[in-house]
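Residue numbering begins at 1 within each chain, and the chains themselves are lettered A, B, C and D in the order written.
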Amino acid sequence: MQLNPNVIKEDFPLFKKHTSLAFLDNASTTQKPQCVIDKVNEYYNEYNSNVHRGIYQIGEKATYEYESVRGKLLQLVSANDNYSAIYTSGTTESLNLLAHSLSKLVLKVGDEILITEMEHHSNIVPWQIACEKYGCTLKYIPITEKGEWDISQIDSLITQKTKIVSMIHQSNVFGTINPVKKITELAKAVGAKVILDSAQSIPHGNVNIVDLNCDFLVFSGHKMLGPTGVGILIGKTEILNMMPPFMGGGEMIYTVSMESSTWNEVPWKFEAGTPNIAQVIGLGAAIDYLNNIGMDNIHAYEKKILAIAEKKLSQVPGLKIFGNPQKKGTVISFELDGIHPHDLAQILDEHNVAVRAGHHCAQPIMNKLNVPATIRASFYIYNSEKDINQLVNGLNSALKFFSIQ
Amino acid sequence: MQLNPNVIKEDFPLFKKHTSLAFLDNASTTQKPQCVIDKVNEYYNEYNSNVHRGIYQIGEKATYEYESVRGKLLQLVSANDNYSAIYTSGTTESLNLLAHSLSKLVLKVGDEILITEMEHHSNIVPWQIACEKYGCTLKYIPITEKGEWDISQIDSLITQKTKIVSMIHQSNVFGTINPVKKITELAKAVGAKVILDSAQSIPHGNVNIVDLNCDFLVFSGHKMLGPTGVGILIGKTEILNMMPPFMGGGEMIYTVSMESSTWNEVPWKFEAGTPNIAQVIGLGAAIDYLNNIGMDNIHAYEKKILAIAEKKLSQVPGLKIFGNPQKKGTVISFELDGIHPHDLAQILDEHNVAVRAGHHCAQPIMNKLNVPATIRASFYIYNSEKDINQLVNGLNSALKFFSIQ
Amino acid sequence: MDELRELYQQLILDHNQNPRNFREIENYDFHKKGYNPLCGDQLEIFINIKDDIISELSFTGMGCAISKASASIMTETLTGKSLSEANLLFKQFREMAMNGKITDGLPLKLSVLSGIYKYPSRVKCALLAWHTMHQSFDTQNIVDAKTE
Amino acid sequence: MDELRELYQQLILDHNQNPRNFREIENYDFHKKGYNPLCGDQLEIFINIKDDIISELSFTGMGCAISKASASIMTETLTGKSLSEANLLFKQFREMAMNGKITDGLPLKLSVLSGIYKYPSRVKCALLAWHTMHQSFDTQNIVDAKTE
């Protein structure tokens, strides 16, 4: 079924308030549909209470709603019984959890961790810290001019010393959909654990964790129509069982004595303290909403809108798109000759076009491109051709403004 | 001005849905007033976007709203310019941040950390883990039958080896308001850093960080009318500046290269990834709401309601209240002779009374009391004498039910 | 109160107040401690086996009415049963406790706990003794009802 | 567009396209790199001092129109000023950039940036060169506009 962005837009209250806003910063965070906002409110209005410990009706209801989102998440990524879903505060916390607990389980001095030059800072910095702590080496799969991985030297990068491979599924700068299966196969062959940063891929299409054969998958609720403050770690239960906990506190314990403590089962072992209850429950509604539209339909529509955007942008004089990967999602990074990205963003804002200017938390890519920043337009299901036209008009007017045209 | 719980109750939508609910589990989490729910919705409906990086109007607005809550928090605890406010996901994360980053700064083999037997698991487990990591010893201030600290041996507990003292301000089991200033003085004299777990004190009265002279103060939004998923760490900027970061990722960096990274300034150094934007903004509204009522008025009202509750409960046959501290907040733990706490909670639920049965994440206290669990009733500003009567009726009916009376 | 009456039937209250086989067996063949981390309650199960038949089954410990009654009724039900019968009854009872489904052949006495599935936080109470019994044959370590 | 026109006045656009004193000074007395972590932009400031007077002031680097124009105007304004005058102007300019407050005596030329406080994320752009200049007297390390 063809997706109609204008019908979808009706579900998003922000666009009722800002009727002429072309919101093109979806890779940063998405807008929220009414049903997600309603679900969060339902929790606060009808069964607001703590989970797991209240022997009273609203407490049981809150626990039921909170726990039942795990099943939705596992289903979303087609996970089988070997996987568990852990709630975190975001992709960043999920990756830090792994960099702490998985590292402790598998790393020893001299080992190697492999990431790529395309990573988001959240998938770089935690591994730099882990490498320093354990005396390990951080290696990078390089990227090409096209914004793709250069895997020509992969055999020297994945070795017997490689214990963890953590890679970005879809680039938040180029939009590249990366050939992760190849890497996973090679990583598994040397016994490395494989993590997929799917913060940018989950919202846009089917991600099948079993097919991709990775051990861990991380993503954020706020980039997939869900509330802020909730993220996900889906992982192989067997490995999670062996990993030491990340944070200590309430909920994650089995027993506590003054001398020592023992841990609760997975997933709760990794969920210390009162969790982000309202946010998890709201995320459940976001998943329902996405499933209702259908991930296949989303993917098909995004292909269409990307093609239109690329075509129209290429007609803007002096505009250069960074990267040209074969498989690409709805993210376009570009520059407009002679205008600094931040000045451009400011002018686009005046035209009611919200784009991002900056390094997109991917400074290694910026260094490679030899620019401090780019302009990024990223699209989602409520964006239509009208938004693209508005962007192009804004760009043309910026050219005039700076007297370049 | 005298606080009227029935007027206040009007502000809480949950009580419109559950008109006859006596919600007495406020030490676990509080209900949310309409203004907090509205503020969260305002963000989603009117300026939902990421913070700090969007050069567009809704992004600037979100950043402004998000950042301005820091000032409210600092004011709430009467902090001066020497302190910074860091957003976390809860008290538990705040304490884990400290157990990670402060420990790294100050601990070496053989050092000691001092906590108390009255702590919540979230203020025990992280220190157990830190002690194991750094080869340090965890010491405990014991508690008395009355549910107070026994500081008779304090001189042997605070020594030159003591580097961190982390203590609970108000007990979530006994309600004890602890004499923290005394301990802080002794701790400062040996150069130890002092942390106050004020999860239970902040919602109920004035906490003055300068007067209490502690270095760090931690608490949770959801226990003070705020959204779930947000917590606070207020700390001395000077110490925070020296502490290494907790989690790595977006926002918390200054520069990232493939080889290494440098850190952003405090507070952002400790806020990795897209933060819990809606929740922080919602917490701001909760603080406004509390200030509007007045912390003094809250404190005065709670004194009154506690006295009534204690009096009425003491008339229930076979009821024993645990602890009898001199200074006490609105938390009462008790047992009813012959009825297991969980059975009792179940029966009270049938009478629309929500209390907690369990160890309240304080197993060391339970071990001391030699019970597996207690029943806990905890009150807040919307609770009235009617709720107490409902509780007492429920208790009497439970006695009949189990044919004890 | 009707739902509650159903949960705490007279039989439950009776077993709670006068638990059967509430003692330690000397010279037991199997023994295991069970722990419910949700509430902190602990119980111990003692078993004697003769010719593959449970000849004696007893328990001690603290717990709520549900857990005590469930343990008490379990000891009555399983004494004299073969190990494979006990195993089958465990599975059927667990199914009932978790989903309310009553399998044909489940002794009537056990069905007093058929309403427990409506109280998710109490399911572990009903299963604590059963889990402990079931796992006592495996190892001699402490087990719990966590896996439910 | 009116607000935007106010932000990007002709003077700003002019200084952006033809920045004054955009070069490296050889044999400088002071030199400092400035970095804006929000956008990744960097600039360098070079200073010569004679008898407590700024005799030469120049800059190089990449940046947005606001930061380049601000740097350019700064070099024009401060050349020939004493260090204490420069210090005062820095404080006055910072006050204006952050709060829109124009102090008496602030050179008219600087007031073209008086609207920047309405754009919080751009305040650092306007201050980058000034901060770098100001801190160049302290140490020789990289500084930035972080403290705003």
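Following the convention adopted for this analysis, contacts are C-beta pairs under 8 Å (C-beta built on N, C-alpha and C of every residue); 3 or more make two chains touch, one makes a residue touch a chain.
Keep in mind the model is a prediction, meaning the values are calculated, not measured.
The greater number of contacting C-beta pairs, out of the two interfaces B-C and A-C, is seen for B-C. The mean-CA centres of chain A and chain B are about 31 angstrom from one another, to the nearest whole unit. Distance between chain B and chain C, defined via averaged C-alpha coordinates, is recorded as 38 Å.
Chain centres here are Cα averages; for chain C and chain D they lie 78 Å apart. Computed centre separation for the pair chain A/chain C is 46 angstrom, with centres defined by C-alpha atoms. Residue positions of chain D touching 2 or more other chains, listed in rising order: 38, 119, 122. Counting partner chains per residue, chain A shows two or more touched chains at residues 53-55, 59, 253, 255, 342, 346, 357-358, 363. Contact between chains, using the touch rule, shows up for A-B, A-C, A-D, B-C, B-D. Touching chain D in their complex are the following residues of chain B: 52-55, 59-60, 63-64, 253-255, 264-265.
Interface of chain C with chain B (complex): residues 1, 3-4, 7-8, 13, 38-42, 62-66, 119, 122, 125.
Interface residues of chain A, counted against chain D in their complex, comprise 340-343, 346-347, 350, 357-359, 363, 366, 372-373, 401-403. Chain C contributes residues 35, 37-38, 119-122, 144, 146-147 to its touches with chain A in the complex. By the touch criterion stated above, chain A contacts chain B in their complex at residues 13-14, 16-18, 21, 23, 25, 28-29, 31-32, 36-37, 40-41, 44-50, 53-59, 89-93, 95-96, 99, 117, 120-122, 124-126, 128-129, 138, 140, 220, 222, 227-231, 247-253, 255-258, 260-261, 272-279, 342, 345-346, 348-349, 353-358, 361, 363-364, 367.
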